[in-house]
Amino acid sequence: MKKENLKNMNDIGAAEALKKHFPSAVESAELVNHEAVVYVRKDDIKKVLAYLKEKVGFEYLFSITGVDYPDRTPRFDIVYHLKTLEHPLQLTIKVKVEEGTDVDSVYDIFKSANWCEREAYDMVGVPFKGHPNMTRLFMWEGFEGYPLRKDFPLYTEDK
Amino acid sequence: MEVILGIAIILIKILTIFGVTMFIAGWTTWVERKIIGDMQFRVGVERTGPYGLMQPMADGLKLFFKESIVPDGCDRVTYELAPVLALVPAIMSIAIVPFAGSADSFKIFGQTPFIAANINIGILFLFAWSSLSPYGMIFAGWSSNNKYSLLGALRSAALVISYEIPFGFSIIGILMIVGSLNLIDIVNAQGSYHWFIYRQPVAALVFFISIVAETNRPPFDLSEAESELVAGYFTEYAGMRFSLFFLGEYIMLFVISSMFTVFFLGGWHGPFISYDVVNNTWVQAIPGIGILWFVIKSYFIVFVYMWLRASLPRIRYDQMMSFCWKVLLPLSILNIFTTALLNLDKL
Amino acid sequence: MPRKMTINMGPQHPSTHGVLRVILELEGENVVGSDMEVGLLHRGIEKLAESMTYQQIVTLTDRLDYVTSMTNNITYVMAVEKLLGIEIPPRGEYIRTLIAEMQRVVNHMMFVGIYAMDLGAITPVFQTFRDREIILDLFEMISGARLTYSFFRVGGMREEIPQEFFDKTKDFNDKLLGMIAEYETLLTRNRIFRARNIGVGVVSKEYAINCGLTGPVLRASGVPYDLRKAKPYLMYDKMDFEIAVGDNGDCYDRYLVRIKELKESQKIIAQCLEQMPSGASNCEDYKKYKIPKPFKVPAGEVYFSTECPKGELGFYIISDGTKSPYRIKINSPSYINTAALSGMIEGALIADVVATIASLDIVLGELDK
Amino acid sequence: MDFVFYLFGITGLVSAVGVVAFRNPIHSALALVAALFSTAGIYILLDAEFLAVLEVIIYAGAIMVLFLFVLMCLNIRELKALPQFNKKIRPFAIGITAIFLVDMVYLITKSQFGVGELATGKYTSEQVAAIGSNAKALGQVLYTRYLLPFEAISLLLLVAMIGAILLMKEGLGRK
């Protein structure tokens, strides 16, 4: 998987090339609807993203999302969206995280991860290890619970 | 009898000055709102009275009856004193504004009628009071116990000290030509049409820029820059105390515009009023027209102030400082030297 | 002698554009450190969306960036359409392109006015709002609302657009260049304006990419990335226009990029009006998607983004095959641009902080979601 | 006139005491301004309006504003206690004050103190009025008889100014 080859690739091609390069770190690479979704092992996420940025040219990380699947183990997906600015390529990288564990922060690779990781932590409660300021972003200090978890109550009884 | 008359005249003068000042300050705000409204495709004030003419009155009443909130933790003495300190220099300096006429021609009870205090060192008197105007801002900003106010006060102190220098230096050329510090002498020296704006254009420019800075008007309104410092030094003032700052600003605006008229625009001279050089007397075609010319000229400068406000963005603090020290000051010094060289015979 | 002073800029401050709180550490007037607090306008739109039907969520997107509701609507409905796999007839796409560009004009006009106001020039805001009003009236004609339109629906749009709308838009568009020239006379070459902007809030190309900056802010730093060209959607591949790119990445370039985009939008609007085909503007079986009947969306996920006036607005939707989305993530331009603010204002003066915040053109409704 | 003189005199004295007695430095500065004003008033009573105005412009208008500027930069709200004299300085302080007192008493007794006839010698009020104004008289003296000292002083001030700038520059360089 090289920078020069990106020109002739589509999203899923890039995803499969990534899987070929990291056979052990990448669990799966498939097309969901129109998106190339790559599942990466939790411990290797930093390595894969650094590689994508420096060697391949996926230099633009613009979104980090936490998704809660309460019935599944590991319970959470952390979703990274990456793209290149030179070619219309986009990758959706996912990591499965179990409740109570943390993910490596990619703040030292992508500065944009600063608020994105804080927001993901704020909303679903997955902490990022190595982030310089792992605090809530939108909710106030001392807020209980994580709003975007599926078990967060939508309505509360009036007291 | 004479003493009573003297005191009565002084009292009348004081009351007149006070009335004129309040009138000017109030309705200059109306003029400003109308002019800027026009420049911005708006109507401006129009509800109170015809053309909104009574709006200043309504505003004044509203401010007068409004609760004056005192912030917690403020320094009470200086907090109360600051608005007064802001207003007094402005009112004091209107005493030397020569609205019309010469000292010799027209007298009521042995007094010149259109200038409250015709003193020998009129210019210095003006400088003295205008150099005191930062006190109001400094004390207001410091005593309010608010960081934005403090920053505004620091800015205004630094600015006024700096701009005082080109402000003073720009007049020296005129002083050298006229040889007097008396304002009436200065106006007379300009005759009908030999205004100093032709003879001292650089000085006029420097003087104008400095007075805009001295009165804290846009684009130099750094000490009350609303988008940066909320309202600067008077952020914490409300009601009557706030209106004193407001009055002070608008009175100073008029005084300083009239000073520009005196120094550079020939004071009360104009068509239909001229100086008879042969007989050394004044010919006034229509009585009182001198006042009219003076007010028209002064309000033209006030209009330029408003024009600036409507069209220019605010300059940044450091740029303004370097502009003062690196452009205006050398220019004004250069002007002094040039004037001295050109007028060697008079010295 | 220099002592540090901490100053709270916001949440109640005239120039933080809402409830952004910037905590500045000052040495004199120089900023030596800064921190930000956001979320004061957090309404939990992502959580709300999980319990609403797909068609209902359109109204939520209005309230993201309330200055550009139309483009928010378009982005969202296109994301859902992509998930559903439905296509819109050409007329519908042309109308969306046209209205997206009109919305861009509205946004950039508002930017120019407010930006000038934050720099202390009080007149341009009246000029731009006067002209913006014309488009708002046009939008009111088609949608009945002036700010939160909810005009576009999954599968099409709420109502057919009357011919009068196109005629008046053409009138407006013919005058647009003159209006832009009018704004520029007061600002672009003004010495004070230039002095306040050039070299202020500089963002290098590398920093911009690393921070994921987007929209005019990214382009002002010299990155010619515009989704309308990079990944053409709607009818943009048939339009003839240029990407506005800056050189230095300072506030002045950000202003110039937006002025250039205003002019380019004028071109696109003219082309849309010229090429506007006739025929249907909603998808074939639009009845199926009409309110109040909720519809189901096949399971899967989609990330779709468009070039909104403020930058790339993206919707990441995960569907589990029911009537409401399983998870929606909104990737908003104000959010990603504001996150990089601290790095831009290091060492600046307070006045520069104001200019820099204003030059990002943020709306807190979108930032806080 | 007497009444006005005593008014200014008393305000001056009271505010001068205030300068050293107030705990809040800003209040002290304010008192100093009041003292300067009273002095200026007394100058006006002496027909020396030029001096009076200069006093206001330079001291009250420029120097005190700078003082306040520095005080605000330091942001001292209130002193906990008045600073105590260093014991070693005390004899010097007493000595200097004593000399000053003797000086003042001597001058006052010598000039046959009385309101209205203060100016004696070459420049009485009448003579000044004949020249034109106070400012003119002062200018004439400064540029004729005292030209050398006047220029020497201005040179001194220039040197001081350049020195201040140099010191500041060095400080900036170190930082």
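Going by the order they are written in, the chains are A, B, C and D; count residues from 1 in each one.
The working rule: contacts are C-beta pairs under 8 Å (C-beta built on N, C-alpha and C of every residue); 3 or more make two chains touch, one makes a residue touch a chain.
Here the structure is a predicted model, which means the values were calculated and not measured.
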{"item": "Where chain A and chain C overlap in contact partners, by chain label", "value": "none"}
{"item": "Chain of greatest Cα-centre distance to chain A", "value": "D"}
{"item": "Distance between the centres, which are taken as Cα means, of chain D and chain B, whole angstrom", "value": "28"}
{"item": "Separation of chain A from chain D, taking each centre as the mean of its C-alpha atoms, in whole Å", "value": "72"}
{"item": "Inter-chain centre distance, chain B versus chain C - centres from mean C-alpha coordinates, in Å", "value": "46"}
{"item": "Centroid spacing, where centroids are CA-atom means, of chain C and chain D in whole angstrom", "value": "63"}
{"item": "Of all residues in chain D, the ones touching two or more other chains", "value": "73, 75"}
{"item": "Contact footprint of chain B on chain C as seen in their complex", "value": "5, 7, 13-15, 29, 116-123, 126-127, 130, 186-187, 190, 192-193, 195-196, 349-352, 354"}
{"item": "In the complex with chain D, residue positions of chain B that touch it", "value": "75, 77-78, 81, 119-121, 124-125, 127-128, 131-132, 134-135, 138-139, 141-143, 150, 153-154, 157-158, 160-161, 164, 181"}
{"item": "Touching residues (chain side chain B, partner chain C) in the complex", "value": "36, 39-42, 147-148, 151, 155, 218-219, 221, 225-230, 309-319"}
{"item": "In the complex, chain C residues that touch chain A", "value": "38-39, 42, 44, 46-47, 51, 82-83, 207, 209-212, 214, 223, 225, 230-231, 300-303, 312, 314, 316, 318, 326-327, 329, 331, 335-336, 339-340, 343, 368-369"}
{"item": "Of all residues in chain D, those that touch chain B in their complex", "value": "24, 26-27, 30, 33, 49-50, 53-54, 56-57, 60-62, 65-66, 68-69, 72-73, 75, 133-135"}
